[in-house]
Each structure stands twice: as C-alpha cells, then as structure tokens.
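Next come two complexes, and both contain chain A; in the first it sits with chain B, in the second with chain C.
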Partner chain A sequence: MKKYDKLVKNAVGRMVPAIINGEKHVPFMGVGKYKPTGNKYGPPIASCSDYPDDGNKVIDSLREALIKAGIKDGMTLSTHHHFRNGDLIANQVFDIAADMGVKNLRWFPSASFPCHEHIIPYLEDGTINRIEGSMNGALGKFCSLGKMDGLGVLRSHGGRYQAVQDGEVKIDIAIIAAPTADPFGNANGVNGPAACGLLGFALADSQYADKVIVVTDNLVPFPAIPWQIHGNYVDYVVKVDKVGIPEKIISGTTQITKSPDRLLIAELTAQFCEQTGLIYDGFSYQAGAGGTALSIGNYFGDILRKNNWKARFIRAGSNKYPVEMLEEGLVEYILDGQTFDLEGVRSMRENPNHVWTSPFTSYNYHGKGNFASMVDVVVLGATEVDINFNANVVTHSDGYLLHGIGGWQNTLFGKTTILPVPLFRDRIPVIRDEVTTICAPGEMIDVIVTERGIAINPLRQDLIAKAKETNLPIKTIEQLKQEAEEICGVPDKPKLSDEIVAVIKWVDGTVIDSVYRVIED
Partner chain B sequence: MENPIWVGSISPKTRSDVGVRFWHEKTGGIKINIKSKVNALFGNQIKTLAKEILDFFEIDHASLEIVDFGAVNFVLAARIEAAIKKVINTKKEFLLPLLPENKQPTERDAFRISRLYLPGNSPKLMLNAGIHHPNGLILDLEDAVAPDKKDEARYLVRNALRSLHFYGAERMVRINQGERGLQDLDFIIPHFVNLVLIPKCETAGQVKSVDDKIAVLKKKYNIKNDIWLMPIIESAKGVINAYEIATSTKNIVAMAIGLEDYTADIGTQRTNIGNESFFARSMVVNASRAAGIQPIDSVFSDVSDMKALAENIKVSKGMGFDGMGCIHPRQIKVIHENFAPDSLEIEKAIKIFHAFEEANEKGLGVVSLGSKMIDPPVVKRALNTIELAKKLGLLP
Partner chain C sequence: MKKYDKLVKNAVGRMVPAIINGEKHVPFMGVGKYKPTGNKYGPPIASCSDYPDDGNKVIDSLREALIKAGIKDGMTLSTHHHFRNGDLIANQVFDIAADMGVKNLRWFPSASFPCHEHIIPYLEDGTINRIEGSMNGALGKFCSLGKMDGLGVLRSHGGRYQAVQDGEVKIDIAIIAAPTADPFGNANGVNGPAACGLLGFALADSQYADKVIVVTDNLVPFPAIPWQIHGNYVDYVVKVDKVGIPEKIISGTTQITKSPDRLLIAELTAQFCEQTGLIYDGFSYQAGAGGTALSIGNYFGDILRKNNWKARFIRAGSNKYPVEMLEEGLVEYILDGQTFDLEGVRSMRENPNHVWTSPFTSYNYHGKGNFASMVDVVVLGATEVDINFNANVVTHSDGYLLHGIGGWQNTLFGKTTILPVPLFRDRIPVIRDEVTTICAPGEMIDVIVTERGIAINPLRQDLIAKAKETNLPIKTIEQLKQEAEEICGVPDKPKLSDEIVAVIKWVDGTVIDSVYRVIED
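Coming up: the complex of A and B.
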C-alpha cells in the first residue's frame, strides 16, 4: 500500500494527497465549505446477555483483556492523553502487542508525549504502522525523517472526535486509562492517586470503539461517581498497580512567566483587549497553559476586578490561576477540557461551576454547533505566522514536527483570535513570507501581538478602527516581518524533500496541508 | 597544539550567543566547523560571515570552530574577531555597518529617570532591552563582566553600539576603573556612544583623564557628537569630593551614587530604610545641583519586590534625585511612574508656565504668580515638569 497518492492543490494552495494510507480523503475546500452527508458511524449493537449481571467485568491483566478484545494485525488501538507525560498504559499496550507478534497496528492517541519514545522500536519492527495523532520530540523526529511505515495524520481534538463520529477512523480497541473506575467500567479522572481531572478525550473512544478496555489503579465498588465514562460502553476492566505518574501528569507551564519580554507581550495583549472593548461584563475567554497565556489571564483578572465585572465563563485548560479567579468570583464558570495541575483537579472535584467538558461539547465541527464559536477572546500560541495571517502550530521553521494541534484549530472559531508571539526565537523570525505548514487559514487569525508591535488582520476593520483611537503600537504584519529580519537576517529555506510524511487535517476532516520529510545535515 | 579557550559561551543554557575557538595554522587552508541551533535556516550565512572575517584579517591557514545558539550577526562577528585577536596581534577592526539611528546625539538635559544596566558580555539580554523603553541603556564593561571575559566584551559592546536597536534609549557604556577603563574608550568613542559612566570616582583627576582621552579620540576619529559623562560616587572619599568631581569638566551631565560599594566602604550594610546612606545621597544631590547637573540614585537590587522599589523611589524623589538605575526591565515602568510628577506638581507647573507666558507677552522681566515672584530656576523646573508629564503621557 502506498503511503499516499493523488496529489491535488487545495483551497489554501497547498498540495495534499487525496488518498492517504489507502483511504480517500477530501482536500480542504475553505472554512465551512465542506458539507458532510450520510449518517454517523455506528458501532456494533451489544446485548446485556453477553455481559455479567453482577456488573463485574474485571479481567486479570491487560494482556488478557487485549486478547479477549481480539487484538490482531492491522487494527486501530486508541489511548487518551489526560496523563500527559505521566502515561504508563500506552507503552504497555504496545509491549504486549509486540510480544504477541501483532503487526501493522495504527496507534490513534489523542496526543503523544516524550514518554512515548518507548514505542519507537515498534514503529521500526512493524508492530506499529503509523501514528495518527500529535507527534513531537523523538516521535516527531522519527516521522519527520520519513521513517514511519504509514503516513502520519494530525488532527485537532475536535477533529479527532469528528473523525471517530463520522467513521473516518474506526477504533477497534480503545484502552482508557482511568484514575478511578468500578468493576462495571464507570470511570472518572477526579479521584484516585493519579487523578488527572477528567477523561473527555476518551469520550469518542468509549462511544464508538468496537471494544473498550478501562484500566485503573483505583478500583472502587460500583458506582464510581461521577461517571465521566459510562460503564455501559465498556467491555473489560483491568486493575493495575499504577496507571500514571502523578507528578508528570502535572505538566505544561504552570507558572506565570518571569521573562520581561513575555510579560510585555502579555501586557500588550491585555491592553489591546481592554482598549478595543473586547473585554466587558459577561465576556468569555480561552485560557491557555503557557507562561504568557497565564500572565494574560492575570491581567484580564485585574481588568475585571478594576471595573467590578465578571467573566461569564473561561474556556480552559485549567490550573490554579483560573481556579483562583473562579473562587474570587471574577468568573462564573470554568468550562474545562483538561487540567494542568492539582488545583485544577481539586476545583473540578469540589466546585460544580468548574465543569468537565469533552471535545464533543466544545469542539466537534460535525455537530449542531459547539461552544468554541461563542468564546469572545481566544489567546493562542503559534510557531509561525505568515504575512497573510496563515498560522502554523505543528512544525518548527526547520521542518520538524514539534507540537500537536490540540484544541488550537477548534478554538480559532471564537469571536476574536489573538496570537501573542515573540517576533523571533533564537534568531528565527516568527513572521514569514509563507508558513512551513498551514494549520489555519489567515481568515481565522485576527490579531498578532509581539513585543515590538501589534498587527491586525485587514479583515477586522472594526478592530483596526477601534485601535486607531488608542496609543497602542499598531503596525502592519509586513512591518513586523521586516523589523524581525533587520535584527535576525533573512533566513534561508529549510532543506525539505518533496516526500510527504504526514498530513494536517482541518476541523471538518479535510486535508489542509502536508508535512514534508526533513533532509538531515 | 593546546586548544584555545572558548570565546563567548557554550553552556547548555546559552541562547542568542555563540562559542568560538580559533587556531592559527601554518598550512592546510581554512577549516570552518559549524554547529548551530539554527543551522537549517542560517548555517550557510554563518559560514559566509566567518569566511569574510578571516579574509578581512588576511588569514590563509586556520581552523575555526563555531558552536552557535542563535546568535545574530553582530554577536557572531564580535566573538569571531575576539577569538582571532586572542592569537593574532592586529590593529584592524572588523566593523559591521552602523545603523543610521545609532548616530543620534543626545541633549545635555535629556531625561535620565531610568537607565538599565546590561552586562556587556550577555547578548541575550541586549536584543530586547530597548523595547522596555528605559531612558538610557548601559552596556556595562565593569562589574557585570567576569574578569576573564573583559577583553571579549569590548568587541561585543562595540558591535552593539553600531548594530543594536536602542529604540530611542540613550546609548551609555560603563567603562572599567583606571587604565583598563581608558583602554575601553578606544572601543566605544569612535562608535557614537552618547554617555560614558565612570565607576568609583574619588577625584576630579580621574574624570579629567577620561575626558582628555575622549577629546583625543574624538579628534582622531572626527566625532562631532557630544559625549557626556556620568561619574559614579561609590566611596566615602568620593562623597567628600563630590562637588569637585561634579565640576571637573563641562561634559558631565549627571552624577550617580552606587550604594553597594559605598556602604561597604563606610563599614556598614545597605538597608531598605537607608539611614546609613542619607548623608552620601544628600551630598550627591547637593553637589549635583550646585554644579547644575542631574543627581541620579543607586539601583534597587531586589528585582522581585516592586512595592519596596516604589517606596524607595518616593524617598529618592523626595531627596531631590532625578532618576535611578535599574537592573531588570520590569523596574523601568515602576521607576517612571514613581518619579513622575503627581497631579499637584503638574497643576502648579502649569500655573507657573502660564504666568511665565503672560510675563513674556507683556514684556515683563519678572515672572510673578499672585503676589509671589518666581525665580528663573523655578520656571525652568516647571517647564521640565510639564515636558516630563507629557513624555510620560500624563499631559496631552
């Protein structure tokens, strides 16, 4: 089977394959242009008569559960990433598969982390054919150098839900690691020694996979409350000694930045939002986890407090900072997709206004709306932006896969999307003529805030007019690009081959760009 | 052959800098070995620059090892030149083009409320320093540079004066003490430095020797811009001689006090309340005012405590200081805000300004407000306050 075939130019002018790993895919047609037809995917109908009346689905080992689930060559195995870099289960799954001699598997994680470097030998020996999910660190390098048998497919969190729901990706066995579960398979992330907050990324897997295995180190008698994952979807439950490493679950940047340059960017972002009227009593915003984003949240808090306003909700990745705002009464609800520290977990456990969500409620584009588009201000990072405001979040300027898409593409549908980015990193300008990889068309990005000035997308004439009445340092994006090049020099083009190693999906399942093989020095 | 020591930095935490080693050979041509964090995008350009520099110094046989962490051109050039000059004795200098904006002179009475110290051998801190808009940026060749790095820092500071964007900040350099300080001048005077800080001043003679050398260099390089001086008083002797120092040359525009060294010199420790330095600070204020120059206060070293900094500034302003040094960009805003005139001061300044205008219109020689005569220094101070208020955005 060819990794890919039938290259076509899509609506953002990028060449993308229409056949990927032997299956047909639709090239990107423009935002909101692709209309799916037909019905959602339906997993096989089950019968209670095949399951124990006492509700006890506990199996002795993960190996036995995988065998019972019918693991075999060519299957798709899914895992979630709520344990982040503290995940212990995905690696074990592929240890077992390799030991059994199973080949050609597709790993479909909601994200991968550096701890998953462990599976590289399985990519090399054919146990795993490909990863469809984020790849960074050693896995990103492996894929970028063209060493993976199959073609990588990167999707947003919402795009992953969409792909499962639409039947684009059929999960054979979902392995759901859970901080707490009962023998029936009800599971949650708020309790237990490896509490990670919620299990939203595994929702689609539980609903649509043929077989579902819940793995826990905290098996409690029925009922495990809250039942974030319903046991009614679950086939087998496995008890292990340790499901995740708690101190590594708490990752991402959890502190407000101390860098004066990043603080300046954060301050400018907050000033922009305040002075152009984006912040008002009852507004909502997306809170990110990076040091700059946390600092912006802090400044937003100051603005709310000063005006005696409240935010209606924060869309989070939460940690202690949004939690403090919730507890201070500066915000009424946190709608949370993943927790980044123990304060986030505690608050979610104790506070009914700290709500666990899933990619279905927040991000799925093939639904009857989702709440991402209701958020007023969305603040996101990017590795590169080009002079047409197209943005890249997955590859570094040297071509290597660096980050997953996460919820990034999905949150772009908020009313105003702002990218606070430094003008250059280690001599590499962030604003380019063309981004290495398009993850978002320019029409989705409204404002770029750098330490040397703010550029507003010409499509947002309303914001341009409002900013004119302020003394904010507004510049054109070309001016910013030139300023960076005066300091850094004009970078050469990276050495990339014309061989595609991965594709980037848009939120509707269409293919927005290709990632090319990096030629090593 | 023994390996030369690295110029620049190759520690794992290095960013925006580069490590360079140079071996001068007898045969074998030029060998350049480059490892760069930004190799895919800048590797070829780094090689081209290195070749250009070797060519410039007419070197035919050499090995050059470059370990780069995203250094920009002026940093690369400074490091390569310094590595070469560790081995080869030459008077030639490899100079990159001067940014036109870096030729700007500054005024004698320019505002010097905040001046940010930058270690002269740390390029990472230089690139973004100007965006925080201090009134002055000090490239420090003295205490902020390790003794074994002082030579290479000169090339970096020289190149920064030519190529770094200062975003309107006054371009200042703190030289070393004594003979080394006089040598430092060779690296900065031809490159349009605006102001030279002279550390540990104890006598007028110290300032005069610096001033004389500057005059010689200005003539040699045909520099027409004014180059201002700011002596720093850091000892009991300096305090006692403050007025003599302040009036030692007409190029002095400000005098600063350095309290870390001063308190050690008088046998005590620096406290937040600062009783131990009241006399010294007051001497510097009075000597400066008597000499018609700006008195500038010492840096505040706890960079995490902005509240204590603000309190410190209030005392400083109350004593008559016009500004303060800073060692972290986040201090700049606090210093500007707290040295800024308050609303009463602004109101009074405006009243005096109107009275001054009225007197001018009527052709009166004397300015009066109500029944009070206003002396010229008060008018000047009022005009200063208004200009400062405008600059800080407190007045339209």
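Coming up: the complex of A and C.
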C-alpha cells in the first residue's frame, strides 16, 4: 500500500494527497464549503443475550481482553490522553500486541505524549503501521524524519469525533483507561487515585467502536456515578494496579507567566478585548492553560469584577484560576473539555455548574451546530502566523512536527479569535511570509497580539473601526513581520524534502495541508 | 397496504403477523433466542455550516418548525410522555398537520395519555394512519374496536429505543417538549414551570431522528444545564406559552394504599423478600408508584433500617418515598426513569446521587447489556397472570387494550420479579388458564403474591427451597386460581373477533402476541 497518492492543490493552494493510506480523502475546499453526504456510521447491533446478566464484564487481564476483543493484524486500536504524560495503558496495549506478533495496526489515539516514545520500536518492527493522532516530541520527530510506514493523519479533537461518527475511521478496539469504573463498564474521571476530571475524548470510541475495553485501577460496585462513559457501550472491564501516574496527569503550565514580554502580551490582549467591547455582561471566552492565557484570564476576571459583570461561561481546559472565578461568582458555568489540575477535578466533581463536555458537544463539525461557534472570545497559541493570517500549530519553523492540533482548529469558530504570540521565539520570527504548515486559513484568525503591537485581520473591519477609537498599538501584520525581521533577520526556510509524512485534516475531514519529511543536517 | 399479513405461530404458541403495516417483522423466538444482525441505524450526516453560527435555532412557531422540518404525507412523527396527561404539544402537532392536509402519518409516541383523545378525529380522517406506542383509555378503545387504519404496534420503553437504534422505526420529525431549553436546543426537565424531572424517553429520538424540534416555555440563554438533550442533535427550537400543565404532569398514585387487602399483599411481598434472603446489605430494587408498590417500598425501608443496611440503588419512577430514603441514607443512588412528584423533581435537580437514566442505559436490549438485569428485586403489576406464569399488562380480561407496556417487559430481566396482584378485581379473577395477551413468557415471572397466598415459579427451585423454611403461605398457582374461581366463578372469555388490531413486541423487536378486535355487546 502506498502511503499516499494523487496530489492535488487544495483551496489554500497546498498540495495534498487525495489517496491516504489507500483510502480516498477530500482536499480542503474552503471553510464551510464541503457538504457531507450519506449517513453516520452505525456500529454492529449488540444483544444483551450475549452479555452477562449480572452486568459483570470483568476480565482478568488486558491481554485476555484484547484476545477476546479479537485483536488481529490490520486493526485500528484507540486510546486517549486523559492521563496525558502519565498514561500507563497505551504502551501496555502495544507491548501485548507485539508480544502476540500482531502486525500493521493503526494507532488512533486522541493524542500521544512523550511517554509514548516507548512504542517507537513497534513502529519500526511493523507492529504499528502508523499513528493517526497528534504526535508530540519523539514520535513527531520519528514521523518528521519519514520513518513511519504509513502516513500520519492529524485531526483536531472535533475532527476525530467527526471521522469516527462519519465512518471515516472505523475503530476495531477502543481501550479506555478510566480513573473509576464499575464491572458493567460505566466509567468516570472524577473519582479514584488517578482522577483526571472527565473522559470526553473517549466518547466517540465508546459509541462507535466495535469492541470497547475499559481499564481502571478503581473498580467500584455498580453504578459508577457519574457515568461519563456508559457501560451499555462496553464489552470488557479490566482491573489493573495503576492506570495512570497522578502527578503526571496534571500538566500544562499552571502558573501565571512572569516573563515581562508575555505579561505585556496578556495585558494588551485584555485591553483590546475590553476597549473594543468584546467583553460584556454575559460574555463567554476560552483561554488555555499556558502562562500567558492564564494571565489573560486573570485580566478578564478583573474587568468583570470592576464592572460588576458576570461571564455566562468559560470554555476551558480548567485549572484553579477559572475555578476560583466560578466560585467567586464571576462566571456562571465552566464548560470543561479537560481538567489541568486537582482544583479542576475537585470542582468538576463537586459543582454542577462545572460541566464536563466532549468533542461531540463542543467541536464536532458534522453535528447540528456545536458550541465552539458561540464563544465570544477565543485566545489561542500558534507556532507561526503568516501575513495572510494563516496559522500553524503543529510544526515548528524548522519543519518538525512536534504538536497536535487538539481543539485548536475547532475553537477558531468562536466569534473573535485572538492569537497572543511573541514576535519571535529564540530569535526566530513567529510572523512570516508563509507558514510551514497551514492548520487554519487566515479567515479564521481575527487578531494577532504581540509585545510590539496588535494586527487585526482586514476581514474584521468592525474591530478595526473600534480599535481606531482607542490608543492601542494597532499595526498591520506586515509591519509586525518587518519589525521581527529587523531584529532577527529574515528567517531561513526549513530544509524539507518533497516527501509527505503526514497530513493535517480540517474540521470537516478534508485535507488542509501536508507535512513534509525534514532533511537532517 | 394491508394492516398485516402472513400469520405464523410464535414460540409462545400465539399467532402473530410476519408482515405488519407492509414491513417484515420477526415472530418471538424465545427469550434471548433472536440474534440481531447488521448495524445500527446511522442518521444523515449534518454539517455545522448549515446551522446558525450564533447557535440560535429559535423558530417563531411550531407550525413553521414543522414546515422547515419538511412535514409531509406518510412521515413518522414522535412525541414523548414526560408531561403525561398534562402534555399540550402532541395534540397541537396533529392540529397543524390536519390543518395542512398532511395524511397518513405514523404517530410514534413514547406513550399516549387520555389527553390525546383529541387526536381521534385525525385517526378517523386519515391524518394519522396509526399509533405505534402505548394507547391508554379512549385511544386504546378506538384501536380495540378495529377503527384504526394501520395496525397498532406496542413496544416497551426499551423496545422503543431498540427499534429506533436498529432502524426498524425511522423517525422523520421528533418533537421534544421540554421544561427548559436554550436557543441551541439543549434541554432539560429539572427546571422551569413545567419541570418533570428528565427527558430520557426522547433520547433515542434526539440521536436518530432526521429532524428534531425542541419546544419549550422556558427559554434560557445557552447553556441550559444539565443538557439532558444535547442541542447538537437539534434542528429547531420553538418557544410557546405553556408546554405542559404542571398539575397534570405529576401523576401516579402517590399515596400508600389504605386497602386492607392491598396492605396485606404489600406486607407479604416484603416478608417474602426478607425471609428468602432477597434483601441484603447493598441490594437493589425497583418498585413502581402505585399504592401497593409504595407500601412495599416502605416495608423495604423498614427492613434496611432494622438491619442497619443500605440499598445500593433504587430503580425508580421516583416520588417522595424513595427520595426520603435517599436523604435518610438508606440508599446510595436513585436511578430514575421518570419522576412522579415534585419531590422527585427537586431531588433530581439537587442531588447528584439521584441520577437521570434513559431507556438506553436502563432497558435497551440491543446494547452491550443494560442495567435492568442487575436489579435484585423487581416489583410489578399485571392485569392477568396465567397458570404458566405468562403475564399480561396491556389488555383487560374483556379484551380491551387499555395500557401500554412501559418499562414493564424490560424490568422483568431483574434477578427476581415479583407480581403482587389481588386474586381478583371487581370479582374477575386475575389468575387464569390463559392470559388474554402474552406480554411476557412465564419464565420471566418468579413470584406471584396475592392476599391469599404466594405462588413461586417452579423454575425458581432456589426460592421454593428457601420459602419452605418460612411460614409464609406458599401455594401453587393452580391453587390460587382455584381459590379465585371458588369465590368469583370461572370467568368468561372475552368476546374477540379473529381480526388483529395491534401487536405486542418483545424487548428484542420480535412479535410476542396479537391483540384482537373486541366484539361490542
């Protein structure tokens, strides 16, 4: 099987394969342009008569569960990143597969982490054909150097749900690691020693996979409440000693930035939002868990407090900062996609207004709407932005694929998307003539905030007009690029071959860009 | 189209049609014998690009929403009985359809109530071809007299989910009346003037219907939390002045019985459970909202209290009695399918251990298990039982179809099913040679408790052995039948034609019995 075939130029001018790992895919046609046809995937109909009456689906070991689930060559196995870099299960799955001599698997994680470097030998020996999911760190480098047998496919969190729902990716066996589960397979992330908050990334897998295995280290009697994952979708339950390393589950920068430049960017972002009227009584926003984003969230809190306003909701990967705002009454709801610290877990467990979401509710573009488009202000990062506002979040300027898309593409559908980015990192400009990889077309990005000024997308004349009435340092994106180049020089192009190693999907399942093999020095 | 065709004898010896309303159906093959093949139904793939970015799906009127949803001849329209006899929406839907001249609709309610007598003219004029769902009161009589154009199809709550999931019933337009909703279509039953607790009966419809309309009288800003129905499945939202009549929503007998016979039956049932060891620390039970069942629940509470035990969960249609037990700490969870009074609604709103369920979690037989089979003791009613323990819950002994199946068939999968029934009602014996309509084969019924003795199904030798060590009045079912006949005489057979007017589905979608036209005196 060829990794890819039939290159075509898509709607953002990038060459992408129309055949990927032997299957047809649609090149990106423009935002909202591709109209899906046909019906959602329907998994096989089960019958209670084939499941134990007493609801006890516990199997002695993960190995036995995989055998019962019918693991064999060429299957698609999925795992999830609820434990982030503290995941202990995915590696075991492939240890077992390799030991059994199973070959040519597709690993379909919701994200991979540095801890999964462990599976590189299985990519080398043919146990795993390819990863379809984010590849961070060593796995990204492995892929970037063209060493993966199959082509990497990167999807957003919403795109992953869409691909499963639409039958583009048929999961044979989903392995769902859960902090708490009952013998029937009901599972949640709010209780247990490895509590991580929620299990939303596994929702699609539970609903659509042929076989579903829940793995837990905290088996409780039926019912495990809340049932974030429904046992009615689960085939087998496995009890292990330890499902995740708690201290590594909680990650992300959970400290407000102390860098003067980052603080300035955060302050400018908040001022922009305040002075252009983006913040109002009842507004909503999304900000990540990075140091700059946390600082912006704090500024937003100050603005709400000062005006005696309340946000309707924060869309979060939560941690103690939004939780404090919820508990202070500055916000009515947190709609949470993943918790980043123990305060987030506690709040989700205790507070019914701290709501667990899933890529289905939040991000799936092939639904009857999703709530990403209702968020007023979305604050995101990027590795690169170009003068057409196209943005990159997966590759670095040296061409290496080192990040996943996460929910980034999905959240761009918010009403105003702001990228607060430094003008340069390690003396490499962030704003460029052309991004290495297009993860989003420029029309999705409204505002770029840097420590040396703010650029507004010309498509947002409303914001440009409002900003004119302020004394904010508004510049064109070309000006910002030029300032960066005056300081750092014109950046080198990455050294890339013309061999494609991975593709980037847009939220609708179309292919927006290709990632090329890096030529090592 | 013929109403039915190709009669065959099924596994309980009843003649049932293999062709119903022009479509093939499988005759009952025995409990657990029918193995479904194929895949679940997948509804059409939607795209966010066809839905408003601001999430506002509000349409001016129900009429306009039905037109936008493409209402036309021959479609299947679904509604739900969360408001029970206080529903104000289903009748309006068919008023509009009739006014538009739409014909030949299939009404697919989760249940109909006496308030829906209003639609009889639409059954007469061809607006509605048939009802597939419970038919109570006047609608049941209408069907029983052979006046419905199409054949009635009665399904259990779980069977309704199964039929939708499996694509046996394709819903064109689901109309979900909701006590609270937001403009995106997220909806719940715990808030608002018509709060009814939960919206579980509409889950299948939201997931699988082609078009979904949410109707509410309490429109709140996004997000309506909890989102029992996900807006991501919803096409249109309609605001009306009043969605249900609150005082009629709360129904069911919510008073403990005062009848000495019924109290005796309740006491015998509780004694039986206690003395045969069915009740233990951590046990679970289901009891309905009738006067006898409530009394049994109270006895169970006494037994738990006396032993310093705790039930793990109560499966309920809840009201103040199980809520009191939850709040007293006699039970850890209520797993609730529908709330029957305002205390039930309040508890569900406030108490995370009062859990809303759905026919998917509880009852769907074509899932990977459901929790009905995990309930230790299930206490149910019946209109008739026969000497083979076959039971009837839909027709009276005069042949009239006057009740729906509800969750009755589904809950029979509990570990021990007990039918506490009077030996006779209005001098008509309840225990008979043969039930008018078989809703469950005898193997599903374990114990019959009457005011004159207890009969145990010979299949339950374990219970028979345990009962022998007690001084409970254990009799054979033949003895009970004879005692009733000694008092009331041998009952007349109902006067039925050989024309079938409705069929009863088993939980797996197979046809377990036919309901015949009643010959009026």
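Of note:
Here is the rule we use: the second predicted complex is superposed on the first by the 521 of 521 C-alpha atoms of A that agree within 3 Å, B and C clash if a C-alpha of one lies under 4 Å from a C-alpha of the other, contacts with A are read in each partner's own complex, and residues count from 1 in each chain.
Keep in mind that, in the parts below, contacts are C-beta pairs under 8 Å (C-beta built on N, C-alpha and C of every residue); 3 or more make two chains touch, one makes a residue touch a chain.
Bear in mind the structure is a predicted one, so any value in this text is a computation, not a measurement.
In the three-chain model built by superposing on chain A, chain B and chain C fit together without any clash.
In the superposed model, A:N471 makes contact with chain B only, not with chain C.
Chain B and chain C, viewed from the C-alpha centre of chain A in the overlaid structures, lie at an angle of 140 degrees when rounded to the nearest 10.
Look at A:K6: by the touch rule set out above, it reaches neither chain B nor chain C.
Contact comparison for chain A: of chain B and chain C, C touches the greater number of residues.
Of the two partner chains placed by the overlay, only chain B lies in contact with A:K495; chain C stays clear of it.
Looking at the shared chain after the overlay, A:R452 reaches chain B, while chain C stays out of its contact range. By the touch criterion defined above, A:G369 lies against chain C but remains apart from chain B after alignment on the C-alpha atoms of chain A.
Legend: residue contacts after superposition of the two complexes on their common chain; A:Y41 is shown touching chain C, with no touch to chain B. Touch criterion met: A:H230 reaches chain C, while chain B stays clear of it.
Shared-chain residue A:D166: touches chain C; no touch with chain B.
Nearest C-alpha atoms belonging to chain B and chain C sit 38 Å apart in the superposition, given in whole angstrom. Looking at chain A, you'll find no residue that touches chain B in one structure and chain C in the other. The touching residues of chain C, counted against chain A in their complex, run 32-55, 57, 165-167, 184-185, 212, 221-223, 225-227, 230-235, 282, 312-313, 333, 335, 352-353, 355, 360-361, 364-371, 373-374, 413, 415, 508. If you check the complex, the residues on chain B that touch chain A are 15-16, 37-45, 69-73, 127-128, 131-132, 165, 328-330, 393.
For chain A in complex with chain B, the touching residues are 260-261, 263-264, 397-399, 425-428, 451-452, 471, 486-489, 491-495, 518, 521.
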